[in-house]
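Following: one structure in C-alpha cells, then a few remarks.
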C-alpha cells in the first residue's frame, strides 16, 4: 500500500509574485480573534507552526533560530539586564529566551491579543516551555503604545516582536519614530532594544531599511542584522538599537564568554560565530540601508505591500 | 482595466514537503538536450532564470550573489592564480568572475552539455557577458572526470559548479572521494578549489555535510560556507578546499585589500564583511558538519533525495 | 480588519498534467487505516468531504448528485427490488438512497474498511443520515469477492461503489470480467447493477470504456451514463448492467412516475429529465465506447494511471 | 535520464475558494491589448489555449465541444438561416461553425479587440480554419452595442460569445435587458439567438439564472442548456432565445436529420443525443432558474464575482 503524496498544502506569498508552500499534516487550532485570524498548523517539514492572518510566525523546528536571533544580541549587549519588556511575542518564546538570564527579575509582556496568547499557552508548550508561569513575568493584554504612555517603569531591554503592518490601522503606530521615541524614553540609560523588522530578501528591502533609518533618528546606535529563518523561506531582518554600546564591537570571544557566563541552558543557533554571521551584511544590503532616506512617522506610516 | 493577478507559476520543490513558486512571465527557451531538460524562463521577481530538470540554477537578478560566493573565496585565497578550471558552470557566469582577475592567463571550462552552453550564450548574455569570447578561455564539452584523467595540465584554482546528483548515473562520479583525489592531483601545490554543495537548510544537511567530510579525506584545508540565494529560497552551501591556506584565516581587511588589488570591476555581494558572513556558521550547522561521518565514494555514491 | 485570502488548500490531480484545488477550512479527521489513508476535510466550497488516499470521494454539498446518479437508475429499472447489495460505499449514502424504497427489506453492505465506515458514521451524519441503524441493513467488513463466493443470497439490485484500482493488489480483482460473472450469478433473474466507473473527461476514457466493454461480456444490457460531480471537477462515468430491461428505454414520464410511486422523500438531482441527461451521451464518448476492445480480466487487470 | 515532473503550471480560480491547474508546456504569444491581457498558452492536457485576463477561453482539444454547443442549437432551430451575427468570438471558431451552413450567405462578426482576433488568426489556425477568409464574412472591430444601434441589417441568427463582465465597465452593457431588446430588434421574425452565459456549477448559478430571467423579458422562448467543457473544469451554461420555435421541442431524430441535411462536415460533439443531453437539466438547476427573479438592466448591471 503506497503512501499518497501530500495533498494538503499551506501556501504563503512573500510578494505578489513569489511564495513558498508546505505540506500540511494537521490543523490543530483555528480562531478568528478580535484582531486577526490565528491558526496552529502542523506541517510535515517544520511541525507545529503559529500562523496569523495566513503568515507563518514561527515553527517548533526553527523557532530557536528566530528567537535566539531576536533576543540575545540585545540582552548580551546590556551589562546587567534586570527588567525587560516584550511587545508582542505571543508564543512566549521571546519571553522564554529572556528568562534564561538569572539577572532578570522582571519581564513585562504586552500583547494585545489575549486569545492568541492563550491558544499558544494551550497548544504550543514546546515554544513557551512554561515561561508564562515564571513569577518574574507580568502579562498584559492592551495596546503597547497606550501602555508605554502610561507606565512609569523603566526597562533595561525591550524586544519588539510584532507583525509588520499589512493594512492601515493602529498597528501602524507601533512602527513610527514617535513610538520609538516613547519606547526610548522608557529605557534605562544603557538600555537596549531589538526588533524584528521584515524580510531582507533582495528587492524587498523598503520596510527594513526604513526601520533602520527611523531608529537612527532616535538612538545613537543602530545595528541591523539578519538570519535566515527556514520556515519563512527568506532571510529575516532584525535591528538592535541602543543608547550606549554597539553589538558589532563585540568580538566572537566576548560573545561566547557572555553566553557562557550569563545564559542558562544551551543555545542551538547563537554564539560568537553566529553573532559575526548575523551582523556581517552583504554589500548590496549595506548599500540599500545607506541609500534609504524614508523615515516612518505617525503622519506618514508605512504599510508593508 | 485591472491587471489580472499572476496565473502562470513556476513551482519548485525543495523537499517532498516544501517548495517555492514564482510568477512566470515568459518561457524564452526550452530544449530537451542529451542530458537534461533545459529552459530559460522569465519570472516576475527574478527576471530570466536558467532551469535544468525543473530546478532553478541561477537568475539574472541574483546571479551575482551565487557566482561571487562560489568564485572569489577560492580565487583570492590563492596568492596568484594563473590557470583556472571550471567544471560545469554552463551559464558562463562562473567563468566571468574568474576572468575578472588579470593574473589569469588560462581558463578551461569543461561542461558536458554543449546545448545548454550554447543556449546560455544566445539567451543569457547578462550572465556570461562575453566570457566565452575571452581569448584566455578554452571551452570543452566532455565528461569532466575523463578530462581530468587525460589532461596533463595543472590548475591553480578549480571551481566545481555542478548540479547535485538526483538519480544514479555518471554524474554521481563527480561527487566522490576518488573524483576529488583526481582533481587534487591536477591542482598546483598551493591549489584551491571551491564547489557548490547543496542546500544548508536545517533538516536538509546530509549531502552538504557528507561533501565536507569527503573532501576532508583529500585536502588539508576544508572550509564550509554558505550564502542565501534568493531565487532558491534557501541558503546554499559551498566549500573551499585547499592544499595550503585557510580562507577563514583572512581578516575582513585582508579580503577587502585583495579584492581591491586583484579584481577588476565592482562586486555587488562579496567583500570582507560578506566573507565573514559566509564563513561564520551557526551552531547547528557546525554541529551537523562535525557529526557527519559519511564519506562519498565511487562504490557508495550519494543521491540527493 | 481584512479577512486573509485562503492559504490552506487541498490539491487533487486528475491526471499527471491537470488537477483542481479547494480552499481548506478544517481537517476534521485523519487516519491511516489498514487499507488506505482517510481524512474528513472541510472545504470552503463543498463543506465536509471524505478523502481516501488523497482523492475526494464525496462532499456534503453535492453527494446527492453522485449518490442519486449511482443508485436510482438501477433501482428504478427493477420492477420491485426487495434485496439489495452494496459493495464499498463507505459513507453510507449509497445505502441511504437504497433505503428510500419501501420495497427493500434487506440491504447488505460489504465494505472491507471498517475504520472508514466507523469514521463516516461518527463524522458524516449528513451523508448516512442514520442508514446504518436501519433494521433492514446488514453491514459486513470483508473482501467483497470472497463474500460473493461464499454467500447463498441472491439480490435484485447491486451497487458497486469502489475506488478504481490505482495500484496492483486485491482491489484490481473487483473490476474484472470474473468478478462481474460472479456478481451476475448472485443477482436474481431480472437483477440490475450499477457501478461508478471512473471519469469521462475527454482523453481519460480508457478505464470507463474498458469497464463498459467488460460488462458487455457478462450482461445482455449495458447502459453507460454520466453526471458532472462538482467536487470532482469532472464528469463521472457510471454504468447500469442488467439481465433484462434497458434504462434507456424508459421515457422521462415513466421515470417521473416511478420516482413518485416508489421513492420516499425528495430527490435533488434525479428525475425523468436528469435520467435523459445522464443517458444521452455526446458523440465522442459514444464513439470511444464503441471503439474500445479491451476486456479487463483477472489475468490482465487494469490499473488506473 | 528521467523526465522531470511538470513544474510550470497555469492556475485558474473558478471561485475564490476553488480552481483548477494545468501543466504548461509553452507560452506561444502574450500581449496586453487595449482591452485585456491575452495569451496563447500550450498546456500538456489540452494543447494550445486562448487565455484572456487569466481565464481560459478555449483549447484546441475541446473547442469542438464548446463551439458546437454554442452554435448549432440556435442555427438548426431556424428553418433557413441566411444572415448571421457573431458578437465577440475572437478565435473564429464560432464563425467556423456558422460557415458550415451553405444557406448562410452573410456572417458579420463584431469583436471589439482587433489585436486578439489578429493573434488568433496568426497562432490558432486550428480554431478558425480559415473562417476569416471566407467571402461571406464581414469582420468589424467596434463596440457591439454601438454597432447594433447603427446597423440597419437584420439577422436570422445571432451568437453572443463574450466573456462575462468581471468588473464595472462598458462590457456590462452587453448583458442587460436593454442590450437584448436591441439585439432582438435586429433579428428577423423567426430569429434565434444563443449565448454563453457562465458556469452552471452548483453554488455558482446567480449569473446564469439572471441571464435566463433577463432574456425572458425579451423573448417568448428561452431555453437554457449546458455542456461540460473539459478545459474549464466545470459545466458551462448556454441559452437559446428565440422569437418562435423552442429547441426543446425537437426530437433526437429531427436534430439528427437537420444536421445531416444542413451542416457541412462532421461534428464531434453535437447530434440528437447530445441535444437531448444538453437541454435536459438536473432538478436543482431547473429549480434555481425558476427561483431567480433578478433582471439585469443598464441601471443595475451584474458583475460576476
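For clarity, chains are labelled A, B, C and D in written order, and residue numbers in each chain start from 1.
As a working rule, a contact is a pair of C-beta atoms (placed from the backbone, for glycine too) under 8 Å apart; a residue touches a chain by one contact, two chains touch by 3 or more.
Source: prediction; values computed, not measured.
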* Graph distance between chain A and chain D, where chains that touch are linked -> 2
* To do: Measure off the straight-line distance from the CA centroid of chain B to the CA centroid of chain C, and report it in whole Å.
  => 54
* Asked: Roughly how far is chain C from chain D, going centre to centre by Cα mean, in whole Å?
  -> 33
* Structure fact -> Whole-angstrom distance, CA centroid of chain B to CA centroid of chain D, is 53
* Set of chain C residues in contact with two or more other chains -> 5
* To do: Select the category (line, ring, star, complete, other) that matches the graph of chains linked by touching.
  => ring
* To do: Pull out all the chain pairs that touch, please.
  => A-B, A-C, B-D, C-D
* To do: Spell out the residues on chain C that touch chain D in their complex, using ranges where they run on.
  => 5-6, 15-23, 43-45, 61-62, 65, 201-203, 227-228, 230, 233-235, 252, 267-271, 273-274, 276-277, 280-284, 286
* Spell out the part of chain D that touches chain B in their complex, as residue ranges. => 1-5, 7-12, 24-27, 30, 35-37, 41, 51, 53-54, 167, 169
